[in-house]
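Here's a structure for you.
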Amino acid sequence: MIPEQHHTHHPALSFWEHLIIMGRGAGQVFFQENALTGLFFIIAIFVAAYHEGNWGVGIGGLTGLVLSTYTAILLKFDRDLVKAGLMGFNGILVGCALPTFLNPSLTMWIYLIVASVAVVVIQGFCMSILRRFSLPSSTWPFVLTGWIFMLAAYHFSALSITGLPSARLYTITHLNKAAYNILFMHIDHPFHDIALQFLHITFLNIAQAFLLNYWLSGVIIVIGLLMNTRVGTLLAIMGSMIAILIARIGYLSDTAMLDGLYGFSATLTAMAIGCVFIPWSRWSFCYAICATIFTVILNAAMVTLLSPVGIPPFTGPYVLSMWIFLAAWSARAIKD
Amino acid sequence: MIPEQHHTHHPALSFWEHLIIMGRGAGQVFFQENALTGLFFIIAIFVAAYHEGNWGVGIGGLTGLVLSTYTAILLKFDRDLVKAGLMGFNGILVGCALPTFLNPSLTMWIYLIVASVAVVVIQGFCMSILRRFSLPSSTWPFVLTGWIFMLAAYHFSALSITGLPSARLYTITHLNKAAYNILFMHIDHPFHDIALQFLHITFLNIAQAFLLNYWLSGVIIVIGLLMNTRVGTLLAIMGSMIAILIARIGYLSDTAMLDGLYGFSATLTAMAIGCVFIPWSRWSFCYAICATIFTVILNAAMVTLLSPVGIPPFTGPYVLSMWIFLAAWSARAIKD
Amino acid sequence: MIPEQHHTHHPALSFWEHLIIMGRGAGQVFFQENALTGLFFIIAIFVAAYHEGNWGVGIGGLTGLVLSTYTAILLKFDRDLVKAGLMGFNGILVGCALPTFLNPSLTMWIYLIVASVAVVVIQGFCMSILRRFSLPSSTWPFVLTGWIFMLAAYHFSALSITGLPSARLYTITHLNKAAYNILFMHIDHPFHDIALQFLHITFLNIAQAFLLNYWLSGVIIVIGLLMNTRVGTLLAIMGSMIAILIARIGYLSDTAMLDGLYGFSATLTAMAIGCVFIPWSRWSFCYAICATIFTVILNAAMVTLLSPVGIPPFTGPYVLSMWIFLAAWSARAIKD
């Protein structure tokens, strides 16, 4: 658009380069600009899609990835951003999210296409606002797009909602015996059962960053991560485990914990603060632990906050925690 | 205030200039700095007030327009802003909104006066924040003021709420046969009925930008627009029609569609992106179509979002969409 | 952290200086960098704690004050901010809030410790964002932290919620005869009863800035204020009284008014706009009256807004009103 503003003529990308960009787009969900890592993530998506019998998630993810990347190219977003896969990772998440919560139908697929284009514009908006604060937009465009398209879905009867939480008002908490018994160190459970449960949720937490409800996908994602970053993998697993421990300490009453829904934001925060946006050091490690604990609490807070409108927090708790801890890190020199 | 800061002594405005400023204030609701256009808009308001038998809307609109403009002068806001009518259009909207949702009474009129003053301060706040992002405040001050004064009205028993939506929680969507049958191409309806219905809602959408529930007011507004801008008029009508088409495609289940409540934000977005804040071109035209489609979805999303607190989205979906598409437009050169 | 960034070696603080900083931290809740004033405030907290039989509020307040101040020192926040008590006043409020709404238990105290650390990071975040707009973060970090930790409390069954409002949806307002009869100039009440009631709520409004439900604490706070600022004390009392008058004029239907819950934000706004962030003058005095009236309306609006998620507005209405009126004050020279 307005071509006279953009004199730079980019050499056409080869077919191979196109594939690499797509792979990186998938990899960037966990901050990895590595197409091989991204390939593992895509495999993880399809493994879960097969396991759940919902191929829409896999096809949707690829559609979102491709459409958002090419929309960014068409809109002439900075070519280096595109090449790094940074204009694709929000699209893949949008593409995974919609078929998870909506029944497949022609209208759903049109809706998914619109959302995959919209997420690029929303990312442009977020980048434009956030660079004044030196903060990364990360998966916030996906969170916003997901919220908007889920909230709107309640009004279009051509869309059939299947997976969204029912709108409700929270009242006083009661100990959820089911969650408590299954998950944590109950006297009737032998140790190896508990350890297995712990590991199971650790990997589910990681899989749920792609909205996948299958532990094996979490394992594949971890392998993909290991291809590119050992510190990052360590932090991801640590973040996931901290989430489980906090849930145990506070007797989290929400059985969604067992599905990994309280840990994926924590996983991302641990990586983002521990080694991505703040360079890895023993200080950033301690800071990342604090940020991860905060993310679990913020996750619980956002579940309550969003409950009356029937939408999940997605990776919102991660992005908000990351912004808070990142901005505070640089605020320490401020004299107000 | 603090007169020593403002050395510029403005020559007193003549009576005629005062009238011109008021006219422009009305015209600016549809981005037109033209007092004659504004006069048509004011006539449209009074025609609807007569039709609905609610004179409060007309008198309230004028009160809001005059009070907010003079508050801005008293507070020494930039004189050029005032002269362009830019300190009046939020006031006229606030003045139309309150009598639409609250029963007329002495307290309501006091409330309206307070709101007409508050909207100027809120506009100052919005301008102060938004200029860091090079974004216009547009009707956001009206949206914020409307929300605050409607939310607060639930607590003051001297105010009697008549028109606000009941607070509710949304659940799974069902096809609303009523909306479906009346509105769209049902087999039992002859073509000219459908075409008439389509035109009817097209003009209602435009009238509802002033919160007017009367198609004839929409026609008068279009005539007023034509006095000043042919491209703008075209875009307004196009935006209104796109909203109806999207509702048709997605089987919008909300009968509020039939009252024009899903189209007025779309109308404003089409104009704002198509020719006001981005210069008219074939690119901005395509971009405006995308923005308009997004506005309809965001409108539906905001209806769900605001439903638990019993307030309507007003022109919020327009302003947010406009910001998103405007900021994204300029973000394309960002290297993050 | 990253010590090489901070070459300045601060001389160790003496025990006496530590005490002074804590006193100032308490004093800053009402904008007073005066340890003696702060001492009065702490006494006010303990008097109310004794009266309510809830020592947790007093101990929690001190814990929050000390922990947040030392967290700020550990994180190497600017030493002058720390010395002025500006890294402690949000902590004392968090420390008072949690035991007010949650039953004391080991988990509650762990939760309070986490919140007292988190509020410092959140303050760093707020400062980092708000300095781009030349706005003070004031008690917003407390408001955010309070909201997050209260919203999350609904999910941890190790925490037992006692004082939070039940989540609800607001519907049409009805005149609350109870509030009306008790409070205002009812024909059956002799004048001195009404005057006493008026004074009672005036001081309750001030006490509730520390979440204290005891008029005598309000009196002690006023005495502490008088030690340092006569104009500020006058404005605080005026703000408190304006809140009662607005409630009377609009027939506020919420009996929370009688507990001072509609006046503490108004009290803070009156001081903040009248003499703290805008220098005291007859103009700032008039402006502060407008801001105070707006705060009462915004307070009512936020009660409705937050009602579906079961959290109170805390001092949110004050901070938002203060930002709006402060930014608008400086926006008057903007040419858009």
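Letters A, B and C name the chains as they come in the text, with residue numbers starting at 1 for each one.
Keep this in mind: contacts are C-beta pairs under 8 Å (C-beta built on N, C-alpha and C of every residue); 3 or more make two chains touch, one makes a residue touch a chain.
Everything numeric in this text was worked out from a predicted model, so none of it was measured.
Student: Could you say what rotation angle superposes chain B on its sequence twin chain C, using C-alpha positions and rounding to the nearest 5°?
Tutor: The best-fit rotation has an angle of 120 degrees.
Student: Interface overlap for chain A and chain B, more than half of numbers shared or less than half: same or different?
Tutor: Counting which numbers both chains contribute, under half are shared, so the two copies meet through different residues.
Student: Mind checking the centre-to-centre distance between chain A and chain B? Centres are C-alpha means, answer in whole Å.
Tutor: Here chain A and chain B have centroids separated by 36 Å.
Student: Taking each residue of chain A in turn, which ones touch at least two of the other chains?
Tutor: 132, 169, 308
Student: Considering only the defined contacts, which chain A positions touch chain B in the complex?
Tutor: Counting only chain A, the residues touching chain B are 1-2, 5, 75-78, 80-81, 86, 107, 110-111, 114, 117-118, 120-125, 127-129, 131-132, 136-137, 147-161, 166-169, 308-310.
Student: Help me check something: in the complex, which residues belonging to chain B touch chain A?
Tutor: 132-133, 169-176, 249-254, 281, 283, 287, 290, 293-294, 297-305, 307-308, 323-325, 327-336
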